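Here subunit A shows up in two complexes: once beside subunit B, once beside subunit C.
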Partner chain A sequence: MITFRDVHKAFGEKKVLAGLNFSVHSEEIVFLLGTSGTGKSVTLKHIVGLLRPDSGNIQIDNEDITGYSEEDFALIRKKCGYVFQHPALFDSLSVFENVAFGLRAHGELQESQIQDKVTQSLELVGLRGINEKYPHELSYGEQKRVSIARTIAPGPSYLLFDEPTTGLDPITTNAVNTLIFKLSRKLGVTSIVVSHDMGCALKIADRIIVLEAGRLAVDGNVNEIWSCSQPLVKSFLEEVRLSGVDIKRFDEENPHS
Partner chain B sequence: MILSLKKIFESFGSLTIFYGQLFKSFMKNGLPKGTLGQVGYLGWQSLGVTLYAGLFAGAILAIQFYVMLSDFGGEAMIGGLNTSANVRQVAPLLIAFLLSGKIGAFTSAELGTMKVTEQIDAIRCLGIDPIWHVVLPRFLGMVIASILLLTFGVVMSVLGGMIASSLVAGINPLQYIAFIPRVITSESLISGFFKSSVFGLIIGGVSCHQGISTTGGARGVGITVTRSAVTTMLLIVLADFLTSQIMQTALKLLDY
Partner chain C sequence: METLIEVKNLEFSYPGLPLFKETSLEIKKGEVFVLLGPSGSGKTTLAKLLAGLIQPKQGTVLIEGLDIFDPKVPPLKRENVFKKVGMVFQKNALFDSLNLLENITFPQKERLPERSQAERLKRAQSLLDRVGIGSFPTLFPDEISGGMQKRLGIARALALDPEILILDDPTAGLDPVTSRDIADLILELQKEKNATAFVITNDVSRATQMGDRVGLLKDESILLIGSPEEMKSSQNPAVKQFVEGLLNGPFGDYQMEVS
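And then the complex of A and B:
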């Protein structure tokens, strides 16, 4: 369980988080939605200690991580896998070496175990036969998948996705959303997805949290969001209706997944 | 003016803390994997230009000495004077400048790109210390490669001086070499090596620090590379002056 209590964060004069409160429960898929600059990615970065709050309190599994040092965060980061907005693959390493990087650096596994984990992770994201390729030889969608494989390889309990579908075409966007949904269900992990795509959220989220001006504006399940009268949510829903995208739930399409 | 001074002090403080982080990481975790690979890669990449610069630094200075000394019939001293000037001063300085623009700029651009494309954050998010895994191998690689290259460059400058003296002044290479031991002492060699080590630490430290502190996109990387090259050169000039003074004082105290 991840809990934010009255978290404040400012960059100079600009207040990004202004007393943010929310909780994410075990094995949920939670979407953090909001317009640009409302502090969605900043919130996610606080969970893994890439940013530290000015005040307030953050807990992971009832452990207060607010005052943790960089060294303390090493354990938290093993628990929380972070998928960046851009693939952030290591250019000089092959696909296999990218996915194996974290496993090798920790030195806890033998090479044969690392090979098995890398193969499993790549298969989970639907990639085969590209182990020896380098990032520049892959499409952007494939790079995204490799970055997800790299994140899930160490076996985190939480998956944090920072705008995973930004810059992708509709077909790849759908494929990545399917992947987030399936991975979360299959691996039994808790997923937090930062996005501004309400259509995606309505398809796969268990719960949707809408941020506005660094505060929680709305927190509810998909049915509650559909009936919400909050102006920002209404404009998001209007946008979805106008775009005409299919918003059938993934769990209805794949009841056994 | 006060703001600029404040910025300079802040940058100097930040660089000092960075050296402390590197030292702490090395003491805690030891020599990182990949250090030797970095020495080989960076050294091989710059060997050609270093030898070229060393050769011509020695040749140019030899011609200058010939012009000055020939008026007094002192051509026989060219070998000693030229070697002394190159070992102690000219070759290390010139080659250090060259390396700051070659391996220094390369590394700051590489680390800067890794920073702005979130590769450094990705490493942190895998629970791995980027200082030990990414920065320290490059820093140590640059320091060791710089010292080796500076040594090769200085040797080449002696050779360049000898060739130029022979071609321009008609000085027999044996005569050129014969005067070297009278001027070059162990003190000169220690001084040259000390300088090279300090220059290597500056090139490695500044370029890694600038790279890892990069913000913004492509423009940010451009700013980093420029700042890295300029800062390195300014610090090398300052260090050259200070190391010369320190070495002279130290050697006097040791009664060399």
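And then the complex of A and C:
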């Protein structure tokens, strides 16, 4: 479980988090939605200690991490895998070495164990036989999957996705969104997805948290969001209506997956 | 309505990557035509072809009846046509070392030497005001947000009072609220001048909001869909796959298996 209690964060004059409170429970898929600049990515960065709060506290698995040292955060970062918006692969490393990189950095594994974990992680995201390829030889979708394999290889219990579908076409968006759902359930991890895409959230989220001006504005399940009259939520729902697509829950469409 | 832009039997490819084959398109004066298509299908390339930034292998692009790639056309005549075109680039392509105001005076200096510097400045400030970023004209592009950079790109494209707007994914990467604002702003400015717009996007909501007519890039050609309403009710499998984001269909299998 991850809990934010009255977290404040400012950059100079600019207050980004202004008393943020929320919790994410074990094995949930939670979407953090909001317009640009409302602190969604800043929230994710606080979880892995890339940013520290000015005040308030953050707990992960009932431990207060607010005062953690850099060394303490090494453990948190092993527990919380971060998937960047763009694949951010190392161009000069093969697919295998990209996925092995984090495992080697943790420095506790034998080479044979690394081999096994890399292969397992790549297979988990549906990639086989591309170990020796380089990022430029892969499609965008494949690069995205390699980056996710790299994140899951150390066995995190939390997956943090920073705008995984922003800027993608609708087909790739749906493919990535579906992958997030299947992978989260398969691994039994807790996923936090920072996004602008209400359609994606309505398809796979267990809970949707809407941030506005650095605070929690709305927190609800999909049904509650559909009937919510909060202006920002309505504005996001309007976007779904404009797309004209009939949103179906992934788990209802695919009951056995 | 008269045809303003006419693309006839266009052929274009990058080495090993064919993009267009016998592609044709007509856009009428005052019309907003939205082109959808998956990443890598050639949308930006088509925008560059229309703007005369790259040359087709074959085929013609006529703007106001002038064949922009015809080597026999005098350069001055071609130049006069391109003066009427304003382009917004996907990645903004702003001048990093110029402040907001200077980003808009610069193209005027290049293209409209007859305008006085005082007039250019006045025009630049009024455009910044118009797109809602007029209160900090001396900031630099990297000091403003992504949405503001888009607004600056739009203001710059309008500096020469274009009759034709070529907009390459003008809302890419923006949140839906900002995207909708920017799209509204573009439509407002387009309507004021009865300008003709060619808009590229992969966002179906934007196509609905902006398009008089919508097309989809498929099989190296433009599939004309019709109005946004026709797009939503279309039974064409490619249109359905794109609009609904279906993982299987004419665009291929996008399924990402988890095993």
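As a convention for this text, the second predicted complex is superposed on the first by the 256 of 257 C-alpha atoms of A that agree within 3 Å, B and C clash if a C-alpha of one lies under 4 Å from a C-alpha of the other, contacts with A are read in each partner's own complex, and residues count from 1 in each chain.
The rule is short, and it goes like this: a residue touches a chain if its C-beta (ideal position, glycine included) is under 8 Å from a C-beta of that chain, and two chains touch if they have at least 3 such contacts.
Remember, predicted model here, so these are calculated numbers, not experimental data.
Chemist: Using the superposition on subunit A, decide if subunit B and subunit C clash or fit.
Modeler: They fit side by side.
Chemist: Give one of first, second, both or neither to describe whether A:106 is in contact with subunit B, with subunit C, with both, or with none.
Modeler: So A:106 only meets subunit B here.
Chemist: Is A:201 contacted by the first partner subunit B, the second partner subunit C, both or neither?
Modeler: neither
Chemist: What is the contact status of A:172 with respect to subunit B (first) and subunit C (second): first, second, both, or neither?
Modeler: second
Chemist: How many degrees apart are subunit B and subunit C as seen from subunit A, counting from C-alpha centres and rounding to the nearest 10?
Modeler: 80
Chemist: Examine A:233 and indicate which partner it touches, taking first as subunit B and second as subunit C; both and neither are also allowed.
Modeler: Neither partner.
Chemist: Once chain A of both complexes is superposed, is A:211 in touch with subunit B (first), subunit C (second), both, or neither?
Modeler: neither
Chemist: Check the residue A:81 against both partner chains and state whether it touches subunit B (first), subunit C (second), both, or neither.
Modeler: first
Chemist: Subunit B to subunit C: minimum CA distance in the overlay, Å?
Modeler: Closest C-alpha pair between subunit B and subunit C: 8 Å.
Chemist: Considering the complex alone, what residue numbers of subunit C touch subunit A?
Modeler: Residues 37-40, 145-147, 172-178, 180, 202, 204-205, 208-209, 228, 231-232, 241-247, 251, 254-259.
Chemist: Mind listing the subunit A positions that touch subunit C in their complex?
Modeler: The contact residues of subunit A facing subunit C are 34-37, 123-126, 140-141, 145, 166-176, 178-179, 182-183, 186, 196, 198, 232, 235-236, 238-240, 242-246.
Chemist: Given the complex with subunit B, which residues does subunit A contribute to the contact?
Modeler: 48, 50, 73-75, 77-78, 80-82, 84-86, 88-91, 101-102, 105-106, 147, 150-151, 154
Chemist: Okay, in this complex, where on subunit B does subunit A touch?
Modeler: Residue list for subunit B touching subunit A: 114, 117-119, 121-129, 133.
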